[in-house]
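The following pair of complexes shares a single chain, chain A, combined with chain B in the former and chain C in the latter.
On to the complex of A and B.
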């Protein structure tokens, strides 16, 4: 199903994350950051919740992703466009679509690796109590899907501009909007202005809503649909953007 | 007429629009297709519940009063009830979808100085004064033709 050339590019990309210290630095920052947020005493943290579950951990994942995923995705295309290596890439026997998919999958796998690095917490929680493992697995699945969606958004903005910093900022803003779309203040604001259907519309568009509903233990096809469609369309947008540039 | 740059932005705009539409339609349609992975099957209705619901013969209106904005402004301990509220809301939504149109659910956030708050007080829901003007409610009112009953969840 996945073309050979896509797989090769994907593996090359994944390796490139580790050729410079950048990949390791990112992983360390991510793991330290989420560890700190989860256990730091205060708002909704692990010991404060007195619950042998990973809900404190999953609660902070979206916010860690908000800043760190754009950091990963900004590298995807902007650098290559600026340095011109993108021409080299596209003269090789690979279509734009395959290249976009390959880079996306590579960045997704990288985040998956970062999530894998957090698994020792599962042991902590099982030692301290009797957690609901189904919910934990679902939480990781939700995090992984959300990472995919945010990466697709990031890839789009990375393809949009030659400047990495600009794409980082745009991605953070876009991800913030998508994450907060379902939050109470915004929904209230919308419900004051527009009929009920628009409120439902925004709720269904919110990444956080879908993430929360999976993380609480129920996996609905509507959640899967949301992430699949989001990823598909943002990748599709990246392909359009890069195709245009290829023609120039 | 449409040069290539405009065409690109047009495609992206259309893409965004159709994505939004697809997501909305898809999520609304697929909401019922779900699997409950929790250990205690928190999100699945028991057989007893389902049979009671299907035997309902007259319409009952459920009103869930929860001061979400007050809770969000309050202390951490108060915010923790948001999770429970989500669970109760989910449960009630499941009840209504299994009740063959006899149950309707209305979720109300009784803000201060609104008719909703007065209703909440009139129903006799227990209130907690958080500040001078903010009050916190968490209760359920069930209403049918013959009268109302309220259930204090908190």
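On to the complex of A and C.
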């Protein structure tokens, strides 16, 4: 099923997050940040809502991801290209496709680990009341799928440049557009330029709309397809980019 | 064992390599010479499948790099220019990773890594992070990674660049020891190295093959036996007294 080389590269990549401070810094900032935002004493915060649910938590997930996911994905290819180790990697008996998939899965597993770190939140709400666990599970699923989509975007921009900072900024911009695609300001801007058909198309590309729909407990196959296609599309882009580098 | 057929590479309008062909057999060390920018590294990158050639092909142990890259890559050990490594890994861990990627059997992995570590004198730094190593050690780690799967063909891009004289001596001795059972393509600027380790050599300039023969033949072209004069005449076309090409 999964080739041995893909698996070995994936293991090495997961380990590499913990060989530099990156992995730890990410986990600390993510867990602290999401914890603070959830319980922060403002409007829409956990205490204000007075209900045993995790919607305050999931509401902030996209905004944490917007800045933290690009930080995880920026090194995927840019670092290899800068240091030249990509030459080592791609002259081993591994195809570009396998390498792209391995690196993507490794980064996805890392984010999965970060999400796993937020499970004490579940204990908190179930101590305080009777939450709907189905909705909580769907919320985590939505977060994980969204992370996959954004990581695939980040992987693409990491393959585009040797510079990690450039890769970070491009990914943040692209992720912002993808998340906000369904929001009024962006849709108004688009509708001024393009016909209605494109506006609808653009709206349907909104990561946030699909995320919200799953997170509210409305799970449909079209949501799952949306994330699967997004991930596939951007991974395919990375493969084309890296093969293009070979040809040039 | 290694056959390069009319391989060419164009970067945009720039012809980096212009239909270069050569052959190398088992037990042979083939020197690959040329000024900077002559296309040595590009040729090596095409043989190893890191770059696709614009035209032409390389056959490694019967496998075409164009048609069957994975099989060709499996029989190649490659030390890229400047010996890039995964700096955050430990030496032994890194070699194990390469071994696994090269699908070595788990039961043989340990003993094979031990062997390689001994062969490349890396025992003292086995459990050190690669980023903390000196240049000489890094080169040796890079050489070690190319040997893990006991490849038939070795492609070494300036493996002695930046080493001190003793380290150069060690690496050359290692190459000579390996040469008996392998086919080695080694690029270098150091002409004395060619005389010392190579059975044959090729000189390329501006992407074209300009000379192929033994180091002895190269030397005999100069009355004074000055190989560097011959190299200059061949690659720049300048006239030097006492050298006839």
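The rule is short, and it goes like this: the second predicted complex is superposed on the first by the 234 of 248 C-alpha atoms of A that agree within 3 Å, B and C clash if a C-alpha of one lies under 4 Å from a C-alpha of the other, contacts with A are read in each partner's own complex, and residues count from 1 in each chain.
In this text, contacts are C-beta pairs under 8 Å (C-beta built on N, C-alpha and C of every residue); 3 or more make two chains touch, one makes a residue touch a chain.
The model shown is predicted, which means the values in this text are computed figures rather than measured ones.
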Fit or clash between chain C and chain B when superposed on chain A: fit
Touched partner set for A:91, first chain B, second chain C, both or neither: second
First (chain B), second (chain C), both or neither touched by A:132: first
Arrangement angle, chain B at one end, chain C at the other, chain A at the vertex (C-alpha, nearest 10°): 150
Touching partner for A:20 - first (chain B), second (chain C), both, neither: second
Which superposed partner A:4 touches (first chain B, second chain C, both, neither): second
Chain touching more of chain A, residue-wise (chain B, chain C): B
Contacts of A:12 with chain B and chain C, given as first, second, both or neither: second
Distance in angstrom between the closest Cα atoms of chain C and chain B, superposition on A: 8
Set intersection of chain A contacts, chain C complex versus chain B complex: 247
Of chain C, residues touching chain A in the complex: 11, 45, 48-52, 70-71, 73-74, 76, 78, 80-82, 84-89, 97-98, 100-103, 145
Partner chain A, residues of chain B touching it in the complex: 4-5, 8, 11-12, 15-16, 18-20, 22-24, 26-40, 42-43, 68-69, 72, 76, 79-80, 86-87, 90
Partner chain B, residues of chain A touching it in the complex: 43-44, 48-49, 132-135, 137-138, 184, 188, 200-201, 204-205, 212, 216-223, 225-226, 229-230, 233, 236-237, 240-241, 244, 247
Complex interface listing, chain A residues touching chain C: 4-5, 8-9, 12, 16, 19-20, 83-85, 87-88, 90-95, 246-248
